[in-house]
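Chain naming follows the written order as A, B, C and D, and within any one chain the residues start at number 1.
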């Protein structure tokens, strides 16, 4: 539905280098590199269990120590980055796209369309996430993919609502009227004129959302949701390590730090994007 | 104030056998007999004394003068009513302990006569189980179900002050309790439900509560160093084991089961998981039940041989679905088992589910293996064998669908035999057969890890999961 | 006139003021002074830096701009003041009327509140008192039913009404200095005359000094005592008004004076009478706000009839003018033709087709044939698109050319509306008012429409540029048989450009006919008033004179 | 008049939403494996007793009949009896509702002022030192896992320092305030950055708006400009986001409620689900639906109140 690169329009100039953007790209690039190179760098098989060596503290052998079943935390953190990077993207993009589209349509066309979408919205927000997760696990089985499905089914509402609020005012502006008058198709108006002007707060929110998604899997672990063992994923590592945190702080700390650093990367990215987006109007 | 992860869902003693309820029934209802908190010996309860007919088929209980919490006397009619309810009411959750009973009748106001179908050695012990609590016939007749849903008339040391389902149950001493001078402390008791172990411990440390049940092993050492906390490991009849599904391949195959058993180093697991607080298990029965065979060597850890056996069985490379719930312990066990089985050539995968789905899947036999635990209410092994290894006792051998006619016959025989020595032989035989056939893979015998505030004296959790609240006094 | 009494310290002293946006110097070494009570006019080419100069005086430049030089008000250098002191001066001592009134009004607050706010702030009066004064001010600037209108929101105002609200907003505190950036561009002459009268009165009574930016030399000559002529960011000439007008020394000034409308006529081709009407409007009515506003109940009945039974026809190739008082429904008519307002009654037919029923391809074809240039040049441009993109977009969207070619055509179009190439990659925010207006025109022309509706397209242009644009329209009309619906308050332009004219008042047509006749021998009293209040630049001037403005526009 | 119309229309729509959501929830919960009777009767319960329980509650009937019965009861105003506790669902919900509402209100009180303060500070001089610090702190706040934070806070403030209780709801208003302090703070710490980001982005966008310049030209101080002009113009997206968040919070402040053992709706929901207590789940879903619709309505009304251009 977006026929011109919206982002290119929303953020046209890279003339000035921006420090936050550079840091963000460095962090994200770094994690991407680590994720790709995980099999090469990781000293151990991330799933290899060593009963005799459980909960051993960080040492020269195990840099980040071992976990409650003797797996090497360092290797797991590395391997988990693959899952988590993917999760951040896959968990945010679908709701973002769906929610933004619905928000645009709903806000722009108003009337019946809006009413229908807003009732679906009410339904979704009111819908207990747990029931959904439970049903999905029950019917489709547990697993990351289904988790992302659940996130998407629920996550779009925030975006839709956010975008709709923006569109409601933008659609009254004269440049949208001018665009109508010029005979642009609604798709073009929405994609090219409304969206770039509405997307600012959405990007800001999407980035915070990425961080939340990363940690959500761990929260729903008790329903059997999220990454399934033994797959390494930071959120699950933290959640599982919680019970052992008294003697083995390293099980929780390192995945936590990893998650925070990746989150930082995303947050800074969002920040930078916001700045560039704003520059779109003036420079 | 006691916290437990388990919920109280009903106050009717016959209606549930779930962990949270078991703990509370003992506080609300007296039974015909009671067990001494210290020694565990059977002692008179509501029944002052009893006679057993020579053929072991008729038990006559003579009741003492006792009153319900509303002050009305506890009569033989109440006792007969209560026991018959447990035995015959459709909604009774756990009628098994009274399986041998033919009829219960009130001979006069103070005498109850129980006739059995045949001699049944564990009967007295069974009559002490938590769900055998005596309820007021008048109250139930008058208010019916509602009585238990709101505030029941009780016969035990406590009565209900307030029940907030899902949150807490507040008890206060029953002034009409028959044991004079008990409860020792007149403090109210709050049974609070909190699912997260971290929160439970945090509350204890913050002094918001006095007792924590089910302390995670990982926290035991830490709590031992806390001054205000008395961290105890109390004997229990709990056994941790791995269920195997005998209904489908690979574990319908004996050699595959044996291979799976040998692949598991349960000594290492016990040490690793419980930090050595639990004993590795050697048979399919809990270690502290009567007639447990201490000397049986158990399944040895021989990974090399396991590999061979598995190859022989033709089940190598089979996929194995290990069910696990999301708590840390279950995860840990599942992971360890998965790794050890992988080493001998199975293809195990872990499937996380919640409790409801767990029961659903095991009940339907839609799984291959699952690590879990259970415990026995009495020291007598009868209920245990019926639960764990008997194919004809309604439990499907704890959903493993293990069935061996010889074992089933032995189970029946065990109850009819009055001579302890002979009974010991029978139960040892059962243990031998079922362990050899790997009905389940025994892992370890775990004590109850309970942390108490030091200001409480005399409180403990008995092996049959009853708090000795009435014996408890509160210090400073 | 308080005039130039030498010896008195100047009220405002601007010295060597330069403003740069990055590498681009928008204002170069501008100096002028203003005595108390004096009215200074600034005229000049569109984009010559007039607005930027005024913003620099108020220290209201955009973030990317930097200003050098000094601006002294009563001897205090404004460029060096602290934020607090500045706040006390802004609005109190200096008032400012912005060029784009639409975007300078807060869309969320009632007009009355906005007008009252500075008075409440600076004069320390109560809210009620502020509101009452606001209503009075709105009345003063010629807004009908001021009590009711004070409750309206900006989006419910017509272009001219917003401008008047802006004026009320600026003069409420009776500042010492008023900077008025094209204060009367979107106003019809009667209201314009009334506003000028009001400003002059303020000047006389309270000694209000003024900087008046205008492209209308007639207005400037009417009320200013001195004038500054700017071009390309520099002051090319300044001096007392008579001198500059009668003896211009700079060639640009000469050109400016010669291009005054009324001094030239545009040879528009006469229509071949009798041809079928291209546009046929019958009994058109438009009603606003009938029970639609959610919280509308508060202000009583909000329903408002903006057009009431309009009949209007335009033949192919004709140029028809619409004049009329501000808020009379001119823009509403234009917007209805292009289907941006839904009529509550009547029909609009283009070539016999009912516009209201068009859909799908027919609608697209209609859009290509009928185009409109919006009254508010700045708001009608997407803030995120460069102007070249904005102009190229309709071309490729309608499949008239691929994007590459569309770009080239856009560049050509920008050139035809007199916009230099160097501006093509700017965003609307970086352009002057007149520049935006021309972008809007270029964009509308991109589709080569048959019927062009032009809503005040030259109001923000200096006369030289205006002349060029009108020239362009005439040429297009000749070459492409362009039909033009020209909405303007500028009678002189309308009379020289249009063949027929309709005069609007309060949503009705009060007079119509051949342009030259209607505007020379008006029949309707309103038209008469309109014509009478036209401020023409006298061919030979000796002294500025004031016109009698006894009648009210309302 | 239009106000009443809008409200009544929404309430009508509410009925549709409720019907839809009841059906979907009903199907989904029943589709999930797990038997309430088993969970109710306990592990060692016999097959017969489980069958008896199922029969008693009509769980053995075909699904559509169960649903019809449920709807019929619903229409007559009865939302059912908890399978587990044998108590009316309404009574349970009423019991668990207050802590959640209190917590939600508490979180709002704790989250909104800092959000506004931080967003102002940040937007006042975008890119300035204050803004950078706020941004970094905000980013850090975003990246901290809520449950991790919850546990750490309960350890530190609850156990080590003993300042605040780590569980429960307390009694009396101050008791509630005291008991819910940590949970409210943990939630707010997560909420504030999300809202601040959104508000700050919108505010910065408005700093360059012409009408802000105009207000400045009238001598309005930065404070006045902020409160009277910029904030109302920028607040709508954030308000909408807040609406979504509050709806989510009422529906499931589960993590916080479990970590701090708050007896609220989230706790009830999780327990009801784990125990497959169908009617409690259904009842809660209805409550969430109603509260969502009410919140949406409130936000929409506020939106229309703030922005006269917006029509519904």
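Basically, contacts are C-beta pairs under 8 Å (C-beta built on N, C-alpha and C of every residue); 3 or more make two chains touch, one makes a residue touch a chain.
What you see is a predicted model; the values in this text were computed from it and never measured.
**Q** From the centre of subunit C, which other chain's Cα mean sits the farthest off?
**A** B
**Q** If you average the Cα atoms of subunit A and of subunit B to get two centres, how far apart are those centres in Å?
**A** Centre-to-centre distance between subunit A and subunit B: 45 Å.
**Q** Distance from the CA centroid of subunit A to that of subunit C, rounded to the nearest Å?
**A** 48
**Q** From the C-alpha centre of subunit B to that of subunit D, how far is it in Å?
**A** Taking the mean C-alpha position of each chain, the two centres sit 39 Å apart.
**Q** For subunit C and subunit D, what's the span in angstrom between their mean Cα positions?
**A** Taking the mean C-alpha position of each chain, the two centres sit 50 Å apart.
**Q** Mind pulling the subunit B residues that touch 2 or more other chains?
**A** Each of 198, 353-354, 357 in subunit B touches at least two other chains.
**Q** Send over the residues of subunit C in touch with two or more other chains.
**A** If we look for residues of subunit C contacting two or more partner chains, we find 62-63, 107, 155, 429.
**Q** Out of subunit D, which residues touch more than one other chain, so two or more?
**A** Within subunit D, the residues that touch at least two other chains are 32-34, 151, 208, 270, 273, 307, 309-311.
**Q** If you connect every pair of chains that touch, what shape comes out? Choose line, ring, star, complete or other.
**A** Drawn as a graph, the chains match no named shape, so other.
**Q** Pairwise, which chains touch?
**A** Every touching chain pair, ordered by label, is A-B, A-C, A-D, B-D, C-D.
**Q** With touch defined as at the start, can you tell me which subunit C residues reach subunit D in the complex?
**A** 58, 60, 62-63, 83-84, 86-92, 95-96, 98, 100, 103-109, 117-118, 121-122, 153, 155, 166, 169-170, 291-297, 429
**Q** Would you pull the subunit D residues touching subunit A in the complex into a rising list?
**A** Where subunit D meets subunit A, its residues are 13-14, 16-17, 20-21, 24-25, 28-29, 31-34, 127, 135, 138-140, 142-148, 151, 193-194, 197-198, 200-202, 204-205, 208, 236-241, 243-244, 247-248, 251-252, 254-255, 269-270, 273, 281, 284-285, 288-293, 296, 303, 307, 309-311.
**Q** Using the touch definition from the top, list the residues of subunit B that touch subunit D in their complex.
**A** Interface residues on subunit B, with respect to subunit D: 7, 9-10, 15-19, 21-22, 90-96, 145-146, 148-149, 164-168, 192, 194-196, 198-199, 202-203, 205-208, 353-357, 359-361, 363, 374, 387, 394-395.
**Q** Would you mind writing out the residues of subunit D in touch with subunit C in their complex?
**A** 1-3, 6, 208-211, 213-222, 224, 228-229, 232-233, 301, 304-312
**Q** Considering only the defined contacts, which subunit A positions touch subunit C in the complex?
**A** On the subunit A side, the touching residues are 9-10, 169, 172-175, 177-185, 188, 192-193, 196-197, 280-283.
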